[in-house]
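This report refers to the structure that appears directly beneath it.
A, B, C and D label the chains in the order they appear, each numbered from 1.
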Amino acid sequence: MTDLLWPGDDRAGDLFTDAAVLTAMVTVEQAWLSALVEAGIAPPEARASLTGLLTPSDADDIAAGAEAGGNPVIPLVGLLRGRLGPGAAASRWLHRGLTSQDVLDTALMLCLRDTVDRIRDELRAQAAALAGLTDRHRATVMSGRTLTQHAVPVAFGLKAATWLAGLLDAAEDLEAVGVRLPVQLGGAAGTLAGPVQLARLARARAPERTALELTDHLAAALRLRPAPPWHTTRTTVTRAGDALVRCTDAYGRIGNDVLTLSRPEIGELAEPARTGRGGSSTMPQKVNPVLSVLLRRAALVAPGLGGQLHLAAAEARDERPDGAWHAEWSALRLLARRTAVAASQATELLAGLQVDADRMRATAEAAAPELLAEARSLAELSGDPAAAPTDVGGYLGSTDLLVDAVLERAASYLKGAG
Amino acid sequence: MTDLLWPGDDRAGDLFTDAAVLTAMVTVEQAWLSALVEAGIAPPEARASLTGLLTPSDADDIAAGAEAGGNPVIPLVGLLRGRLGPGAAASRWLHRGLTSQDVLDTALMLCLRDTVDRIRDELRAQAAALAGLTDRHRATVMSGRTLTQHAVPVAFGLKAATWLAGLLDAAEDLEAVGVRLPVQLGGAAGTLAGPVQLARLARARAPERTALELTDHLAAALRLRPAPPWHTTRTTVTRAGDALVRCTDAYGRIGNDVLTLSRPEIGELAEPARTGRGGSSTMPQKVNPVLSVLLRRAALVAPGLGGQLHLAAAEARDERPDGAWHAEWSALRLLARRTAVAASQATELLAGLQVDADRMRATAEAAAPELLAEARSLAELSGDPAAAPTDVGGYLGSTDLLVDAVLERAASYLKGAG
Amino acid sequence: MTDLLWPGDDRAGDLFTDAAVLTAMVTVEQAWLSALVEAGIAPPEARASLTGLLTPSDADDIAAGAEAGGNPVIPLVGLLRGRLGPGAAASRWLHRGLTSQDVLDTALMLCLRDTVDRIRDELRAQAAALAGLTDRHRATVMSGRTLTQHAVPVAFGLKAATWLAGLLDAAEDLEAVGVRLPVQLGGAAGTLAGPVQLARLARARAPERTALELTDHLAAALRLRPAPPWHTTRTTVTRAGDALVRCTDAYGRIGNDVLTLSRPEIGELAEPARTGRGGSSTMPQKVNPVLSVLLRRAALVAPGLGGQLHLAAAEARDERPDGAWHAEWSALRLLARRTAVAASQATELLAGLQVDADRMRATAEAAAPELLAEARSLAELSGDPAAAPTDVGGYLGSTDLLVDAVLERAASYLKGAG
Amino acid sequence: MTDLLWPGDDRAGDLFTDAAVLTAMVTVEQAWLSALVEAGIAPPEARASLTGLLTPSDADDIAAGAEAGGNPVIPLVGLLRGRLGPGAAASRWLHRGLTSQDVLDTALMLCLRDTVDRIRDELRAQAAALAGLTDRHRATVMSGRTLTQHAVPVAFGLKAATWLAGLLDAAEDLEAVGVRLPVQLGGAAGTLAGPVQLARLARARAPERTALELTDHLAAALRLRPAPPWHTTRTTVTRAGDALVRCTDAYGRIGNDVLTLSRPEIGELAEPARTGRGGSSTMPQKVNPVLSVLLRRAALVAPGLGGQLHLAAAEARDERPDGAWHAEWSALRLLARRTAVAASQATELLAGLQVDADRMRATAEAAAPELLAEARSLAELSGDPAAAPTDVGGYLGSTDLLVDAVLERAASYLKGAG
């Protein structure tokens, strides 16, 4: 899967592709079938491997068949049963006790986990790169700009520190999401009636409890968290969405600053040099800040996708929703892939960001009269006009301490995440 | 391209697929190359056919190459030039005078036109079906419900008429979009400097005018509207987006009503019967109103996509934007495909909608005391309590005239569109 | 009503304030009461003036009473009846045949019309100002920037022309909205059953037709368009919303350009000078581009509001919606006021925008090697490298003709609107 | 402040009103002035009480004055200085070292804390009410509905448990927000240069550290969390927004279920009876489920507001943003008030929700053939058709255990929150 209209999409690789979702759904069915056999609910002869039953060319058929029931699980189960052989025990026992939402929700969690893992790696790399920039440039003076105009001097290291703080916030939330991802197992209407009935038919002693043990078993097999059914309680999805948007929020802020500061009239930052990057189809001289452009693109798009997940959560109804659930899948996938692409681009941008410290200082010095106006007014207030700094480097406030604090936070994060 | 997570996606066929966008971009490059030759700007030996130069397997390379310059036109032009042969005149003249945005914007307009054409066909079919329902059921009395509770009697035909009015509104806007779709030709920064320079080098008498004639020529070749460059004035895109959302708004309203009225406790409407439609993966008895579920899904998603197009328009900057443009393409494609899918589903739903007129009447009669409460209070107001209707069919207001008015509007639309 | 958290809100004056909505609702009730009397449905003694019955201090009571029925019409009618005197004929006849949605929807249309009128005036003023800038600066050469970097030369007049084109597009849609604003008259469930019943009780010859005539009458009295009931067909609202967002889209684009070009390192544009404007609470030197900042703010917010109107339209259900309608009012009001404020700010910005033509030229000349790189490559392509322009003013393409075309469009608009 | 177009708005009382924001800003200025004096930076004679300096009638002037500088702090400081007396030490020292964003951001946090506190109280009341319903109805059998159709039996207590789970999730996130709300203190560009300079002028030994101590001091005085400057790192705001939307997501889901189940044809739930609630302006019989209608309204609106906060975060730029910050305030206020209103309505709804257990059972029994179809198919699978339950109460799965688990979670929350 490549998305011609989302340049850089290939950076997300196979995360959440149709193939990945399909594989994840088969993984869920496999784990469930094995769980039924191991719990003594399905007979031993129902044990079977689903590996290799599907071929890539099945994806289109399953996609096409998804409309009839409103989701891709129904045609998938049909196909798997056919391949297992209509009379086979495995065929009869496959999917028993589940509802399609159990399979799809759990499969989406598996895909989401892969995405979260990927983005966490990127966040670590970004935090390391930014910690370096922050420390290295803690004394690199530049114009601090507010509402686009010269304000007071800042250090580029402190700007980098605020970028870093945003990343650490996002990482914090994404870590929490990663450990929380739950299995979905509720049966037709979230009561586990199917699994309980199967356990009862198998003469389990406490079938109601057996069904919950199956949840634990399934969760363990898939390395997810056991959880009560959440067919209509979509907090997991909105929390994941919010954490992903928090990442693109952080990238957007960085991208916007790089776009501004790499304008030729400012020229304080430049994207990593790479042959062929940033070219134009007609202007040979062009070196566009493409990574930042593409980060900004993601940041403009992600909040809307996050909002769609909330809307889908809010519009749940009955025991399983009549459209809101269906609106969620594609938004979650898009948000996951868009964020993964942005994360990868952000890592590359930050790892190679070029800082022109000389130009920063030169601009700040030329703007010293403006940048030190506040300092002068405070000195006058204290009746000591001569106490105002005359050098832009002399009015950096608590920059060093602020930088230290963020670096400490980053170090703790990088150690913990290691 | 199939989207496993958007059941029904295959209804949109190849509209706006990567392959379709790629083909459209080649079509634009071809038309421009021919225009240059025909205008005497490029030499006759630059004439070449681009047909067949690309194979489907190129799509991935172009997608992967799109990131370096931020859009897919740059690798496309590179590939085409390579295939034409580095020394060939066609290779040197290809794309000259254009900027990548010219090609991509125009290609998107070609894809959009195909989508609009498709949806217009669906709207016509829907209007015809709904006009039939409206007329047939103008006297089919049912409970009118407001804020979910029994209000006063209505006719199902009038409900259908309000659905129809929403569709006609959407169709009106979509027709306007269809005739307005413009070619994009601005050159590097929207001045047409490249084309003018080429015309000048070719000794054109009024090169500034020649460039505009090339716009006309290109538009005619592609059956689009000539227009001044709109690199940063994105009205065309937001108008198209708004019109598409207007379609899903109308479908959402219909879907919501069908979902409500096909609840077993109400049972006044049912989706078209089709073997295998609406099934569940675990409950053999299930016949879910899947088309309506999927319509509702689209209606929940489309407003956010429309909003993204506006945001992209508002965030344009400079002569060509630094991310906002890039955020637009995928949102436009998604909105177009989602709407095309919904349109096709709506046609099927409306063509086969099952109306249980007996149950409608029975429910209304059982609720007559509530449904006629207003009528009684008005009769009391006039001092003539006995004048209140006692039959729900006797309190339908101007339904007949309202129905006639909508049918007349539909007839005029269907005739005009024919 | 002032909104402390939306600086500039007072520019919208009393548009769509609670007081304005209240007044509009009374106006609708008045027009309906008069229509009933004039049609001979209500007796002559029911004629009454509602003017002065309410005082500003009633607003809070009505607002507080609005929750019980879910809208402010019910407490309003109760209050008016009380003030008219319980036994009075006018009290008994007030509101008869209407539903609360008829009153509120129509009142919102009255408020919307005032907003549209106001914004149209602003758009005219803006178009005139921009036409002036466009014409005056058609030869003011500056760097054309794409993806933030120097691209090819442009004229500031052409940039202004693209701003102008966006405004003219918005004006076009807003004009259409203005003439389309409809009265809402449907009665309890959109059948006009109440009015028909009243007409029947009054021995009208064709009561079904009388009800429609009452619609015409009401529309004429309120200077709105007669229309069939649109309780659940919200095209009017979404079209209005889309047109308003189109305005802020255009303002956002302008604001973004001014913000960029008024950065001190670029310094090509400046906001109108006004004492005290753009100051900071701590930095005495500051002159922030506040108008552009506030325009950008509106442009970031409006697309979401427009999307909410579409969502509300799509989520309509039954004969009157169960929450979607209620979600619409506040979004419409906010969008209307935000747009009116932005429109007023945009007029001020454009009327006094300061253009530093010298600095534009100086920057462009300094960047000539980059800005003319495309021209050189085209000249080389044609085998005539010496034909490349050496002055940035010599590579402006069809600017003059493009400028003429927009100016002609603006002139036609300004004449038509006059 | 009442909002006529948001019925129920008065439930939010003075949370986040203009008056509340104004008071909060004065509180921040007061705390800072005191801190300067106590730290020995400002002279003792600068100590002053700001209480009573402003009157309600100042609000309009401040609002009107807010546009010039883009925020309300500048006119507020001007007014306070005037009232303190131009020559007074307090007048000169007021606001020194702060930037307007410090004051406004901190004031918004104070308002937000009040809102969070209020909503937490409501959530506790809701959890208690829902825990009661959950426990009481753990054996109240009803039809489980999926995609609007009969699925398998459920207990109403389990439905209530899923509502409860959503509330507990929201409460969890809101608790976290409540303890995290930070003070904002950064000075003109987030370096604390102003405070450091003031400390230096006052001969502090380690002025860089003194500035951070001032942050601690200010935070303690305002009962907020000390934090590094977050002018352009808006995680606090988006986290708060996400948590608020999580509340309305939970309310929306509840509202949707109540709207569905209180339809007359279903009649399993009813809103609390209260005289005059749910009436219509024209239909005397009407008892509309108004609370649920209004909850649904909030749930449709909140996701868009949450998305706006993310967009504002992502569009931050420079050391203080050029419009994105300004777009945030009103969205945050609206989201806070809308959620507080919904929370209050949800408490009332849940406290008095009427459950018709007899009708639930009757409907389920009538639908037994459908509701037990899955059970039969599983029994057949196991070769024991006779083992299928024949009573809908016999197919409730692990309901009891699932209910216990949620009740335990609720008990722990209620104890912890107490």
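Keep in mind that, in the parts below, contacts are C-beta pairs under 8 Å (C-beta built on N, C-alpha and C of every residue); 3 or more make two chains touch, one makes a residue touch a chain.
Being a predicted model, the structure only gives us computed values, none of them experimental.
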item: Which of A-D and A-C has more C-beta contact pairs; value: A-D
item: Geometric centre distance via CA averages, chain D-chain C, whole Å; value: 30
item: Inter-centroid spacing, chain C versus chain A (mean Cα positions, whole Å); value: 37
item: Centre-to-centre distance between chain D and chain A (centres being mean Cα positions), rounded to whole Å; value: 24
item: Residue list for chain D, restricted to those that touch at least two other chains; value: 70, 96-97, 99, 145-148, 151-152, 187-188, 194, 259-260, 280, 282-283, 288-290, 293, 299-300, 304, 307-308, 311, 315, 322, 374
item: Graph class of chain-chain contacts, one of line, ring, star, complete, other; value: complete
item: Chain C residues touching chain D - in the complex, by the definition given at the top; value: 2-11, 18, 21-22, 59-60, 62-64, 66-74, 77, 95-100, 103, 187-188, 194, 255, 259, 276-283, 288-290, 292-301, 304-305, 307-308, 311-312, 315, 322-324, 326-327, 329-331, 333
item: Footprint of chain B on chain D - complex, ascending; value: 145-152, 259-260, 262-266, 280, 282-290, 293, 311, 363, 367, 369-370, 373-374, 377
item: Complex interface listing, chain C residues touching chain B; value: 70, 92-93, 96-97, 99, 144-148, 151-155, 158-159, 162, 165-166, 169-170, 173, 187-198, 200-202, 208-209, 211-212, 228-235, 238-239, 242, 245-246, 248-249, 251-253, 256-257, 260, 299-300, 302-304, 306-308, 310-311, 313-322, 374-375, 378-379, 381-382, 384, 387, 389, 395-402, 405-406
